[in-house]
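Following this line, the structures themselves.
The following pair of complexes shares a single chain, chain A, combined with chain B in the former and chain C in the latter.
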Partner chain A sequence: MLVLNEFFSFFGYVYQLITFQNMLILFGSSLLGIIFGAMPGLTATLGVALLTTLTFGLETGTAMIALLGMYVGAVYGGSYPSILINIPGTAAAAATAMEGYPLALKGQAGRALGITTTSSTIGTLIGMMFLVALAPLITQLALEFTSIEFFLLALFGILISGTLTSKDLVFKGWITGLIGLLLSTVGRESLQSYPRFTVGLNDLEGGIEVVPVLIGAFGIPQIITVLKEKTILGDAKKVQRILPDFRVVFRNFKHIVRSALIGVGIGSVPGIGEDIAGWVSYGTAKNSSDNPDNFGKGEISGLISSETANNACIGGALIPLLTLGIPGSPPAAMLLGALMIHNVNPGPMINFDKPGFITQMTAILFLASIAMWFNGIFLARQVVKLLKIPMELFMPVIVILCVIGSYALGFRVFNLYLMVPIGIIAYFMKEMEYPISPLVIGVILGPMADENLRRFLMVTKGDFTPMFTRPVSLILLTIVTYTILIQIPVLKRMKDKYVSPWIKQVFSKVFVLFTGKSKIEKGVENGHA
Partner chain B sequence: MENRKLRKADFYTSIILFALGLFMLVQTFSIPMTDSYAGVTNAWYISPALFPLFICPAIMLLAVLIFLRAVKEEGFANLIHLKTRKSQEEVNQYIRGFAVGFMIISHVYVFLPRTDFLLSTCFNLMIMMSAFYLEQMSLLIKISVYYLLASLLVIVFALMKASIPMVTNEDFVFLMDIYLLISITAFLLFCSRLVTTNLQLKRKLKQVIILSITLPVILCPIIKYFFLIPLPVEGIILEKMDNIRYCQQDESWIECLNY
Partner chain C sequence: MRSRIILALIVLVLSVSPVLGAKRYPVRDITNVVVWGAGGGTDTCNRVVSAEMAKILGVNINVINKPGGASGSIGMNYVYNQRSDGYTLVGLSESVVTASVQGGWNQRMSVWDAMIIGGSPDILSVTPSSPYKSIEDLLEAAKKNPGSIKAGAGGAGSIHHLNLLALEKGSGAKFNFIPYKGSAPSQTAAMSGEISVVVTSVAEQQQLIRGGKLRPLAMLTPDAFTLADVGSIPSAFDSYPTLSEHLPISQAIGMAIKADAPASVKQKVQDAFKKALETPAVKEWAQKNYYKISGKTGAAANKEFANLESNFGWTLWELKAAKVNPADLGIPQI
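Coming up: the complex of A and B.
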């Protein structure tokens, strides 16, 4: 009943949001997002971060239209250079290049872009449906959470984000998350207003703001890397008419559903972005395909899988963001910062503080996906022309936008003094394969973890036992402990020996259930005995 | 980064991270644990030090684990003596990376707080675009040195201003803006002399000049008058822009500029 009510009020919000001004902002920000995504070196996170400060003066709903339009557009826009010049515009579109570029080489760039546009739209819409269906249930469940559950949830968010985003050692992800937490402790803390680590600077008393950290951590390393490496973009392949090709999309319906589910699932894990969703979905499509040899040669199902998943990830990332206050992806982290600026505090109380806000957000996501489709189909050929702008001219402009973005929040030059060292440190960390997302997640979730830990201990008068007696906290504690302990080599080996084969068995049974044949049979069919 | 280099980097970063954790832990001990603060008697479990006391040792422990991993994989002696020969392209990349970092630092810490926002933005765009778009290492180095000298002069002026109390902030900003205008003009002359013989470079420099002047001229009024964001320093140019913006209808342009 609750879910049905949500669906009805959803259409009411869609109707309310359709005004001339909103549509102008929506289509404009969506186009800007596509441009941001299409320019290699610019990311969805940076786009949302830079736009946040410009939406400061707007009404909350209008600001969210601009930001979600940018987010959806940028995730999709990354596919343009992937298909046309074999260089992903954003990390989310890296898997798209595997099939998109071979299609462009065959002279089917327009067709590939059309399919990408439609599957991205469908992916966003499926993600949105999950958001509208699951968010009320999760917020209701989260109302049962006490401070210890929130503390453990924040800890879990940082740990899992550190674990899954580390390309090298898992410890590196964790340590950046902890540094983020440490940064969040700077300034006057909320319970007793005691100034921590302010080194006598008045500017630090209010703490470190999230926006300069985000812009610094994601913007500056990107600028340095692009200008340092001097990436030479190849000539873009010629684009013919861009046609949506609905027949092909419907023929691949099962890939769309599976990829959307993967996207939503990965998106809802804190701190894991669209890039992982794209790769996992692409990998699954290849593994479950009847013709895996066709992959890498312009296989449509691979293209659809990657693009559906990375856009479905947006809806998934918004689920923990809105219901628990934990961002599901780096751009969602920026969105959280924007919501805070607009006095909206996402979390279990959101339905009481701002009734209908989640439904309004899903309505905006719906409109953003429609705007993205229209922009993609009708303006893609114009956007492609922008790929000719040399990065050496574009990146200095981004420096200026980063400066304005960090400064405009609170009109503080001190924010700039913070942004630069954070950016330079983030660059070196990135070079040494320390992931940046956990750092940002740490800065965002730090106050939540700190406050809730002390609140819990205040209630229990310093007693830790309720942590083990409450079922939800016990489950979270078990997951957190498992995530940590599994990194110990002996336990890792034990897991590989005893647990992993069992999981594989379960998965292969599920696989047989869905496809009706085992993987070995499939291998024989394809000539891989 | 290749594995051996990565472990060497891990070896040194783990030491830095351990030191950071230790330093913060020492700082944490100065936060009251059970004493009273602002009239409230503390218990250990509500102390502001509690959370950092969890984090700092965890950072130190993870730093030790990264350190041990590096030593285990490469061996202590190898890590200390590991020398890697850099190719010319790698050296060039280092120089380019260093130049970008320097240009951003200089813009934010030296020019932005002391000079008109529009002028400093214009100068920074001109420097960065020409340094990288002209695509010649020798030009990049020369332009970086020019920017370094211009920045050093601003620092010298700022230090001199501190020793002359009669100079007000407004006077100083005005003087700095004049200096920046001279620097921009000198840079244009300097660059046009550097590229006299090469037609392609000349064409690129022309593009840089047009872009670096038009972009701030479009961007600043949008930020200031449309988004209503006051800019960090509003000096000689932005003041004139204000005069024009708020000019009365019956006044001529010259009168407006001379407010």
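Coming up: the complex of A and C.
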């Protein structure tokens, strides 16, 4: 009965919110968000932050429409440059490039964008459902995360991106991950403010910022490669079907649900957000796939997994924000500030202080994802046309965008001095088939790993035992250990022989349980049984 | 004759240009760099006031967070390295005065012109599942096993940390202090049970207390405090009168502009700041969120910060919690 009430009030809010002004703001901010996400260097966090100050004069509901529209749009928009030019617009879309770009090379950029649009929308919607249905439960789960869990999660994030992106030896991915970690230690560390590797430079005191590393490491090598090899993206001239093939979406329903669950879960953990969600989901898709060899060559399920998860993350991130006052992701932290300005104090008392506010936010998230879908379908068709521009003209524009993107953050010329050498080093690493993503993930997650490990040791006074006795920590530790050990050839062979068939059996049983359909039939549908 | 005209023109241009410059400020968006994390007291205060100031100044004020370092030194270093043109403000609180003695940076507070919004009193709470029902329970347990109880209070050298240190000194108890990047994460850690004790302000904790996520034990001010839905929270001074020698240490949340910014620019910012504090939005917000508005700017605010710098710097040095001798930095002992 309670759920039914919730349901009715949800549609009540949706109906209330549909006014001409609100719709204008909704579609406008969603479009702006997509552009923000698509521009290298402009992130969802920055977009929400900039928009926050523009919306203080608006009514709370309208302001939230603008901000959530921006947030959802920006997380989705990062996939455009990932797919089209192999430079992720935001860190959240780094995993998307793994499958999206190969699809573009095959001439299927339009198809990839269409699928991305729909799976992002579905991801946001599933995240939204979790927000309304499971908020109290997930809040409890978020509180199971203490310093040691955050450390292990950060470590896992770096390892998994290393594992997934390496073409030949996984160790290469881990090596770049470690270089990223090393870069993240530059600057004054956050617990005792001891300067590390600052070599007396004032500019390094605050540490190395993520955006110039992201742009330098992804952008510059890609630009050099494209111009050197004269890469020709697949023929985009023929009219492509942008509207998603619903059969594809339906066939990948399993991946969508799993990815959404991963996204919501990671989103609800305070402090980490869309970037990790994309990687973990992509990794899970690859590991549970029947054809892991197809990954990296334009596998649709991989694309769907990363894009569904990073958008599902939004609903997840709102859960601790609204029920505990703890932002679940960096853009959600900006939302918190916006809510405070509008005199809404999210926290355990929100249902008493502002009854119905969570349902209202859910309704807004619903509208934001619908707006994103329409904008996305409309834009994708136009964006694909960009590929008709000769690369010799297109790439220099990208170079300018990269420079502006690095500089715009804090207007620091120093960021350009960082971006260029990092880009050149990244190019040579890429030439030697070292993957770049783990480097960026290392810089993003490094401070979290470092600070939390040391805080954990302060809490336990140097004792590692709680790492093994806390349940969540033990689970994470097992996963991390497994990720490392499985790369040893002997163990890998054992896994392929004994463990994998067993896991697949369990998976297919669970699948049958949920859908009443056996995996064999599904294999036939996929055409590779 | 001609040279005289040129001279006169130069004089005219020189005398007018600062006025023109002042008229031109602000022509673009202002950034307010808050040195503590999003969602904490300093952050929300700055966001609310910046929003009103933006309306008055007619440009956006983008509030961003650069937490970390010793007492917000990372954010302060960042703003200090920006141009003195009034386009970058720093959102700070009284805790930043210890950044120099903590080795975070080598400047004095005199590099800033402060504007004080106000503050909220400090309160000590514990994890609801912990065995401590009163401040006596807690402090006696901490005395019995010194360093066994984990306590959080924002970052090292924050006002909450100083309150905790003063509490230790005044009562003879000893805690295992765990630093976090601001009040919000240390409150979360207390909710999750990673630490048992947390000291932050009433404004920051009230909702978690009212929601039953934290159990309040005592105010670290001389007076009891009545919180809606919870009732009266006693003062720690009732059971430990010697605390009055070390406490209270009051908050002074606010923002600052570089002292070497043009005087006309500073004046514009301070005027906007004062007007912003008078708006119903800020007033209502302060009352609803347990803040006491101060509104000091210029010499009065700078004097308060100089006093805080001396008081905090020397207190930390005496508590052996400082890395740099305040005397070496030229901080007078008031």
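The definition used in the following text is that the second predicted complex is superposed on the first by the 273 of 529 C-alpha atoms of A that agree within 3 Å, B and C clash if a C-alpha of one lies under 4 Å from a C-alpha of the other, contacts with A are read in each partner's own complex, and residues count from 1 in each chain.
Keep in mind that, in the parts below, a contact is a pair of C-beta atoms (placed from the backbone, for glycine too) under 8 Å apart; a residue touches a chain by one contact, two chains touch by 3 or more.
Given the structure is predicted, the values throughout are model-derived calculations rather than measurements.
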- Query: Which partner reaches more residues of chain A, chain B or chain C?
  - Reply: B
- Message: Let me test your reading of the model: by the given contact rule, A:K495 touches which partner, first (chain B), second (chain C), both or neither?
- Response: neither
- Partner chain in contact with A:M458 - chain B first, chain C second, else both or neither: both
- Item | Partner chain in contact with A:P327 - chain B first, chain C second, else both or neither | second
- Who does A:L54 touch here: chain B (first), chain C (second), both, or neither? both
- Query: Between chain B (first) and chain C (second), which does A:E144 come into contact with in this model arrangement: first, second, both, or neither?
  - Reply: second
- Message: According to the stated criteria, A:V399 is in contact with first (chain B), second (chain C), both, or neither; which is it?
- Response: first
- Figure out whether A:L178 sits in contact with chain B (first) or chain C (second), or with both, or with neither. first
- Should A:Q192 be classified as contacting the first partner (chain B), the second (chain C), both, or neither? both
- Message: A:K297 in the overlay: touching chain B, chain C, both, or neither? Say first, second, both or neither.
- Response: neither
- Dual-contact residues of chain A, meaning touching chain B and chain C, are 54, 56-57, 191-194, 458, 461
- Message: Could you list, by residue number, the parts of chain B that touch chain A in their complex?
- Response: 1, 6, 9-10, 13, 17, 20, 24, 27, 31-32, 37-38, 40, 42-46, 48, 50-52, 54-56, 58-59, 62-63, 65-66, 69, 93, 96-97, 100-101, 103-105, 107-109, 112-113, 121, 124-125, 128-129, 132-133, 135, 207-208, 211-212, 215-216, 219, 223, 227-230, 232
- Query: Inside the complex, what are the residues of chain A that reach chain C?
  - Reply: 49-50, 52-54, 56-57, 143-147, 187-188, 190-194, 202-203, 205-207, 270, 324-327, 333-334, 336-337, 340-341, 343, 345, 347-349, 410, 451, 455, 458-459, 461
- Message: Could you list, by residue number, the parts of chain A that touch chain B in their complex?
- Response: 54, 56-57, 168-169, 171-172, 174-175, 178-179, 181-182, 185, 189, 191-194, 196-197, 220, 223-224, 227-230, 390, 392-393, 395-397, 399-400, 403-404, 407-408, 411, 413, 416-417, 419-420, 423-424, 427, 431-434, 449-450, 453-454, 457-458, 461-462
- Item | Complex interface listing, chain C residues touching chain A | 29, 31, 37-39, 43-44, 47-48, 50-51, 54-55, 60-71, 73-74, 77-78, 81, 102-104, 150, 155-156, 176, 178-181, 184, 188-189, 191-195, 207-208, 210-213, 284-285, 288-289
